[in-house]
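What follows is a group of structures, each given as structure tokens.
The same chain A turns up in both complexes below, where it pairs with chain B and then with chain C.
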Partner chain A sequence: MDAPTTAVAVYDGNTLAGPLSEVFGVELMTAAGRCRSCGTTSQVATFRVYGPAPGFVGRCPHCEDVLLRLVRTPDALWLDFSGVSALRILIPTDSADEEQQP
Partner chain B sequence: MNIFTRGFRGRKRDSSGQLPPGQYLTDDFPVLSAGPTPRISLDAWEFTVTTEQGESHRWSWAELMALPAESVTVDVHCVTRWSKLDTVWRGVSLDTLLTDIETEADFALVHSYGGYSTNLPLEDLLGGKAWVAYEYEGEELAPEHGAPARLLVPHLYFWKSAKWVRGIDLMVQDSPGFWEQLGYHDYGDPWREQRYQGD
Partner chain C sequence: MDTTTTATHGASSGTRGTKGPPFLAASPSGGAAARTASASTLVLEVIGWPGHLAGQHVDVRLTAPDGYQAARSYSLAAPTDGDRIEITVQRVPDGEVSSYLADEARDGDVVEVRGPVGGWFVWKPEDSGPVLLVAGGSGVVPLMAMIRSRDGVSPAPFRLIYSVRTPQDRIYDHELRRRATQDGGLEVAFLYTRTVPDGETRSVGRITAEDLIAYGWPADVKPTCYVCGPTAFVETVSDLLVGLGHDPAMIKTERFGPSGP
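Moving on to the complex of A and B:
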């Protein structure tokens, strides 16, 4: 058995706002991801993020398993989201648009 | 305990010509981590080598300490471009650990407590090129630098020198590790600047 680990994250998930918006073109900080390991759903902004080098590692704020990894090489951006079993991304609704009509 | 000292140098060298391309010299010891620092008690620690046939060979901490140790003075080069010269380590050579293990493997996948992994050719662990190190500059390893023991493979970029090492899988075919899956080079020779796939 491993002894308990220290759990001091270097950053929160907001650190990933820039690089993730490059990939998806949508705001992901308010998106919610379900951890494939423990099943907990957490906002991306609350992920515990280590990095930036050799790459970013986003970990589950509940169980600390790896949710995502992101590396920028000179000619590519590598993204592994395999620790997230589902990602819920909020999108504007028609009703919200209608409410903004005069 | 046999003590074999390899590679001591008399005094600090001029760094000119000692740095691989794209590297800068630092006197600090930067900490790069992909996760929280594991804390492993020596009673619970073990190191396991598993062959391609599934045979496991295990060492407890006491058994590791009973093996012949070597002190080595080496340069280390991080893919994030810092290098340190003349770092002093103490540990057990992989030649010692693997000497009685029968294998046809050409590759190794190194595993760490905490889930990290890294791959490299088996021959780069042999021939006096790699150690399971448990002292740095005459002191026990600090937790953030891999305590109680880390792999030390100084001729490759330092991400191959896995902190908190717990074991090695010997494999017939190569299999990428934690950063190698995300675009980093499978070999990582700093003198050829093999940082990323295709370098």
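Moving on to the complex of A and C:
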């Protein structure tokens, strides 16, 4: 997949895996976010995503309200998660201790 | 969240802290191999590649001499193989990254790769249940990684339904035909939306519920369904699958934008 930079396109949350991995050490695609607007819980991978320029907007797959916005500048990543009232993140249980070692 | 490091990582910093994978230095190996008129496969040698699961992708970043950077996400097309990863690039009009990777990449060039990323649209060899793969156009790439990962490792029965415009647009044409006869438990069906090859009994047309019934699994078999392609294709197929009684929780989708097969 190679997103054209000039057109607004519809993607899904999978598109955000790279940008989010830049700052989060946990797998967020399988995390479940609750929409502040309609209360539905959806996995981040299933968010409807518009972008990529000037930034990504992730919308609820049920009510289409904005869940998150993500903008990357040369020296910062802006992340607005205000449309998500709660995020349930799966924590690996088996090798979690090993992975925490430097 | 790690707020103590800068957001951009040096190409050679292979250390992993609490944040995700850094960009790693990568070099094309063997040049791009044409798959169709518009799709090419490129092997990259990535120093320190940590391995990946079928269905995951990578971000490829190019840096111009003036410092301008462009990054795009590509699905990994093959299973983990040491430091070698394979991507298949569909050239898009004015695609600054895709045209470089498909046409200009040379051995010894240095690009940057971050990954693997994405832990949702993945298939693991220990998942032994039946699998339905539905691809539109270059959406076949991550599904091909699943088919290749399965070979000789998993007995999970796979069915692939692959919609393309014309016979010339079949990516992995020969390999899919070979695997359909050699890989036990793998069935492959091609659908054509514009031109059919000689001898094809199904007429041209976009994918329908009848296609999913004829070439997929009945819903009561409870297959895990992976659907990848242009947005409209993915929406259509997931709606059809739900209409046929498949559990929405068993349907995993990946959309990659507006272009249709």
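Going forward, the second predicted complex is superposed on the first by the 84 of 102 C-alpha atoms of A that agree within 3 Å, B and C clash if a C-alpha of one lies under 4 Å from a C-alpha of the other, contacts with A are read in each partner's own complex, and residues count from 1 in each chain.
The working rule: a contact is a pair of C-beta atoms (placed from the backbone, for glycine too) under 8 Å apart; a residue touches a chain by one contact, two chains touch by 3 or more.
As the structure is a computational prediction, the values presented were derived from the model and not from experiment.
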Looking at the overlay, does A:I91 come into contact with chain B only (first), chain C only (second), both, or neither?
-> neither
Among the partners chain B and chain C, which is in contact with a greater number of residues of chain A?
-> C
Where does A:D80 make contact in the superposed view: on chain B (first), on chain C (second), on both, or on neither?
-> first
Regarding the shared-chain residue A:R69, is it in contact with chain B (first), chain C (second), both, or neither?
-> first
Touch check for A:N14: first (chain B), second (chain C), both, or neither?
-> second
First (chain B), second (chain C), both or neither touched by A:G55 = first
Overlap of the chain B and chain C footprints on chain A, listed as residue numbers | 1-7, 9-10, 74, 76
In the complex of these two chains, what residues of chain A are touching chain B?
-> 1-10, 50-51, 53-55, 57, 59, 64-66, 69-71, 73-74, 76, 78, 80
Spell out the part of chain C that touches chain A in their complex, as residue ranges.
-> 1-2, 6-8, 17-21, 57-59, 70-75, 89-98, 114-115, 117-121, 138, 231, 234, 252-258
In their shared complex, at which residues does chain B touch chain A?
-> 32-41, 44, 79-80, 113-115, 143, 159, 178-179, 181-184, 195-197
Listed in rising order, chain A residues that touch chain C in their complex are 1-7, 9-15, 17-18, 20-25, 27, 29-30, 43-46, 72, 74-77, 102
